[in-house]
Amino acid sequence: MIRVGINGYGTIGKRVADAVRAQPDMAVVGVAKTRPNHEAQTAIRNGFDLYAAIEERKPRFGEAGIKLAGDVDELVDASDVVVDACPSGVGAQNADMYREHDTPALLQGGESADVVDSSFNARANYDTVEGDDLVRVVSCNTTGLSRLVAPLRERYGIEKVRATLVRRGGDPAQTGRGPINDILPNPVSLPSHHGPDVNTIFPELAIDTLGLKVPATLMHTHSVNVTLESEPAAAEVRALLADERRTFVIPEWLGIDGAGAIKELAQDAGRPRADVWENCIWGESISMEGRDLYLFQAIHQESDVVPENVDAIRAVLGTTSQAESVATTDEAMGLDEPLA
Amino acid sequence: MIRVGINGYGTIGKRVADAVRAQPDMAVVGVAKTRPNHEAQTAIRNGFDLYAAIEERKPRFGEAGIKLAGDVDELVDASDVVVDACPSGVGAQNADMYREHDTPALLQGGESADVVDSSFNARANYDTVEGDDLVRVVSCNTTGLSRLVAPLRERYGIEKVRATLVRRGGDPAQTGRGPINDILPNPVSLPSHHGPDVNTIFPELAIDTLGLKVPATLMHTHSVNVTLESEPAAAEVRALLADERRTFVIPEWLGIDGAGAIKELAQDAGRPRADVWENCIWGESISMEGRDLYLFQAIHQESDVVPENVDAIRAVLGTTSQAESVATTDEAMGLDEPLA
Amino acid sequence: MIRVGINGYGTIGKRVADAVRAQPDMAVVGVAKTRPNHEAQTAIRNGFDLYAAIEERKPRFGEAGIKLAGDVDELVDASDVVVDACPSGVGAQNADMYREHDTPALLQGGESADVVDSSFNARANYDTVEGDDLVRVVSCNTTGLSRLVAPLRERYGIEKVRATLVRRGGDPAQTGRGPINDILPNPVSLPSHHGPDVNTIFPELAIDTLGLKVPATLMHTHSVNVTLESEPAAAEVRALLADERRTFVIPEWLGIDGAGAIKELAQDAGRPRADVWENCIWGESISMEGRDLYLFQAIHQESDVVPENVDAIRAVLGTTSQAESVATTDEAMGLDEPLA
Amino acid sequence: MIRVGINGYGTIGKRVADAVRAQPDMAVVGVAKTRPNHEAQTAIRNGFDLYAAIEERKPRFGEAGIKLAGDVDELVDASDVVVDACPSGVGAQNADMYREHDTPALLQGGESADVVDSSFNARANYDTVEGDDLVRVVSCNTTGLSRLVAPLRERYGIEKVRATLVRRGGDPAQTGRGPINDILPNPVSLPSHHGPDVNTIFPELAIDTLGLKVPATLMHTHSVNVTLESEPAAAEVRALLADERRTFVIPEWLGIDGAGAIKELAQDAGRPRADVWENCIWGESISMEGRDLYLFQAIHQESDVVPENVDAIRAVLGTTSQAESVATTDEAMGLDEPLA
């Protein structure tokens, strides 16, 4: 059994904890939190040992009647690998601690690529991170683009990717975030930083990205153009993408018009937290104009990186092959049961 | 075992089907649908026999590769009771069919009170509907108000209720509904029809209501004033409401600021479809000014009537007492496990 | 001519500057800004002399090619009265400066009532502030409630006011404010601070208020209950409110369903910045149940206090009567031309 | 003086009426309406003669106390040219009437290109429509793209345009339109119809477009890629676009982050109805990657076609040159005064 510690138990951490626990070859050592808030209680209710991320704040847990299993140091020490799911920037601050304990750690996509030894996507570069100390599981948007780029590149070759990322303004419970009624170029300067982030996975890829923020909370939506090096029929591309593991090519007859309907599918399918781990690509949208492929895909910002974190655990330790890891992860999580 | 047919398998119907199946004393005979859409497939995937609600459309199901168990007539015939979860107005049209088959039926709150023999809320008038042919389970908002009124009335007496219902514009997947950026008095004429609807449960209650619609999809929020006949301390009222079965008095330390955070609790608690069956009453908001009680509560429009439908099945057939029914329903659904 | 200085040239300040300039008995000495941003340029384009609000930042204006007329001290000195339209909290910090210069100043409703000598609403207490050093023009919501309370109280007597304020989350250009998709009790503790603020204008009034925040930007909407001391017909109340100067009782035939339609009326009427200075009360909503009056009104948070600031200038200096001031203000601004 | 009749007095019609009246060489004969609603009253208040668009409904105007100048037939007869600003599809139905009266007519972009003799954009093809019976002023989005394409094509040559149109879900007062909280690929099939519409202006242009709908009301936003035939510096492109008449290249120092801030500029500039007639192109966003130009532009759906309609009047009658018409239109409307 791989002993996994999880540092940070928020949007990503709590999902990774559940996904890791579901794996046949892994066990959760515990989760670390900075404060005894309601997520700390959720961790305990779910049976995870709780560690204090900040030593000075340990007494607060006691005051809140929450029993601690120890310090984050002890968690790191007891783990074969740590998934760091702390807020952006904190992961980088934790890097020294992981190195000191000689425990490999996975950081999230909000950290800078400069902080880590490598960036990771299970579909694209599973085999390149074994033995690294610090591996970054790329962001939700980069994960979504990488899953799309990998098969297209292998099968048809890619001349250039141009993608507009229409991003949700905040997650459903992030009520302090806007905009309420606007469409914001964000960042205004072009091309956006998302393209270079995809290059951490595909260094040679020609890709330009543009980002916007809109008043929606459920999923990001990508408007994608890929100029291919050959000219397949749209139906062929559709079949190629439908064949991939972590893509869901939305059939037309479902009448899915947006993220609300996708989340409803996930609810009806009994997915935990109504999570949508796959790229959701509208089948009707997949079209070819000459060598220009166009399509729309929706990306669930809260969960698409979760199976990637699970795979990264095996990849960094080198315990199994890519094919075996991905199959195991998906079966254990229920990702291999289609959304509809 | 009570054999339950479900006519309509949309937002309410699919939830009621799952809740009924979970009961120890009930079995789902099948569900009826008008069209072979993706919800029809969900029904089949979930193991429910499918019946055609409209005879002429039966061939369409065959064309879509969906096997039917029969017509809605046969479903009604094979059922001890039918839950009608069709769109507003269709339930009334179905009333004759239920009468012809001599099968008691539950209509939903979108139907007019004139169509039915009685209106139902499990907390308030469980014992009054036994033997009725047509019973209306009142709407999400009326259910939410009834659960609040019942204990206050019993304990303190109520002089008058004044409530402003700040309603969500549409459900998460209803993308054709607005407003996008407005606050709409709705209905503009006052008092609104919601008060008289509460009077179908509490005929003598003095209640005036006002309704608005806003650009939100998750839950309704009620701003409530109740002028009591006595003057309890706020803490006493808080305890009274916390003691009720289908209320969740939100503790202050959770830091819950709105419906997004409540839904996140439901997700973390593993609730199916992240449903919130309880009235969610902000504990901090419960306050007394003289005999005037004030509070805020959030109501999940998609699910708070689901346990009520389950209880109404037993109530109309007279199989068990109110206390036993409610306890059984809640345990079977997991409603008795607190949200946090 | 009354010489008026305006400290702060943002949402309120720029509107007050235009309104003051339009008055036959007033002149704008100049406006003060902290930074040479685009509003500073707007001030110059509109022909207002610009003063630096913060001495150390004066060089920045020069660098931006913007010519200054002097320091804010000089502006205060050259003014008979100053309208302070700085962000909430800054007005209180400026109070000493105004006192030192012996220049009466008007602060805005975001400042605490403790900082000032008196609070002001033109309809309700014009005659009480003459000679005061610091007068607070109450907030948009309190102004809207005061205009409603004054005539009702005079004509019918008021037993109690209960009002739910459904507030816009942010102004149209405040893209950093949320919520995107939620209804937030705000503040959660009840009753809200809005009631005590109305008591700065009507000290003896019994009033309880509740506030919420929703994802809309155009106007606030008030759901109002007033228990009167007598029992007039609704039509009589409608006529009373229609007769007031700064109320617009929306006729039913206009089909106005929300703030978007109201703002469209203001645009079509050629109002500057599509401002809506009046309380917009839905005529259909005005209704009586016993002695309980109910109604909905929409309040334009960016502009309803603008005519109040103009009147407060005359009131604090004692130059004219209430009736004359209000008539002059409204005619000069175009407020006396009805919206439709 | 060119006598102009305006059939339809809604969002576009009322703006065109004001813009035509402001021209030195035009006079408004009158406006036609189907119903005596509040816009009919606005027309009268603004001094426009009112004609009944539907004969059977004439009595309704009398009942509403609104005096008619005649039937729409008479309006068409008395006009040298008619601007048809009726809802989409109605313009096509009116086409026969215009032909019968031998009165040239301008339809709006919601009509099919098949119905008309030609499509029009003042910048791109002013000289091609003289003498046509029916001319279509292309839609807001197509107008916005045409203004961008024309100078780029002339100066650098265009290999291909790829544009993602992030469209507002509805106008500010269209409260029945959604979505409330979603990002909708719309249309789902790609490429969208917008590209072929641009081809009615530039028949040979290679252009693929993608459309989405989001919960915003103020402006559309275009994410644009243009592969040029040469490789100018970004600064050169910026200067080229800034030099155009109906573009506003937003300077970085203004700190404009979205449509809310743009509309605020228009309000502060005293624009009627806060209209933004120009393409608003973020200066910072204009960038070159090889021969790939990228930029963001915002388009005000309610008003950018208004000056185009004015020019189309002169173009179809052949009264002046393009340069003279555009200069006259812009000066008369105030479009030549910059937004900031």
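The first chain written gets the first letter, and so on, giving A, B, C and D; residue counts start at 1 in each chain.
Convention: a residue touches a chain if its C-beta (ideal position, glycine included) is under 8 Å from a C-beta of that chain, and two chains touch if they have at least 3 such contacts.
Model, not experiment: these values are computed from the prediction.
Shared contact partners of chain B and chain C, listed by label: A, D. Averaged Cα coordinates give chain A a centre that lies 48 Å from the centre of chain C. With each centre defined as the average position of its C-alpha atoms, the distance from chain C to chain D rounds to 36 Å. In chain A, the residues that reach two or more other chains under the touch definition are 172, 174-175, 179-182, 184, 215-218, 257-258, 260. If the chains shown are joined wherever they touch, the resulting network links each chain directly to all the rest.
Every residue of chain D that touches chain C in the complex is listed here, in rising order: 14, 37-39, 41-42, 64, 171-175, 180-181, 217-218, 253-255, 257-258, 260-261, 263-265, 267-268, 270, 272-274, 340.
Against chain B, in their complex, chain D makes its touches with residues 169-170, 172, 174-182, 184, 215-217.
Those residues of chain C whose C-beta lies close enough to touch chain B in the complex are 160, 162, 164, 166, 168, 179, 181-186, 188-191, 208, 210, 212, 214-221, 223, 225, 257-260, 282, 284-287, 289, 292, 294-296, 298.
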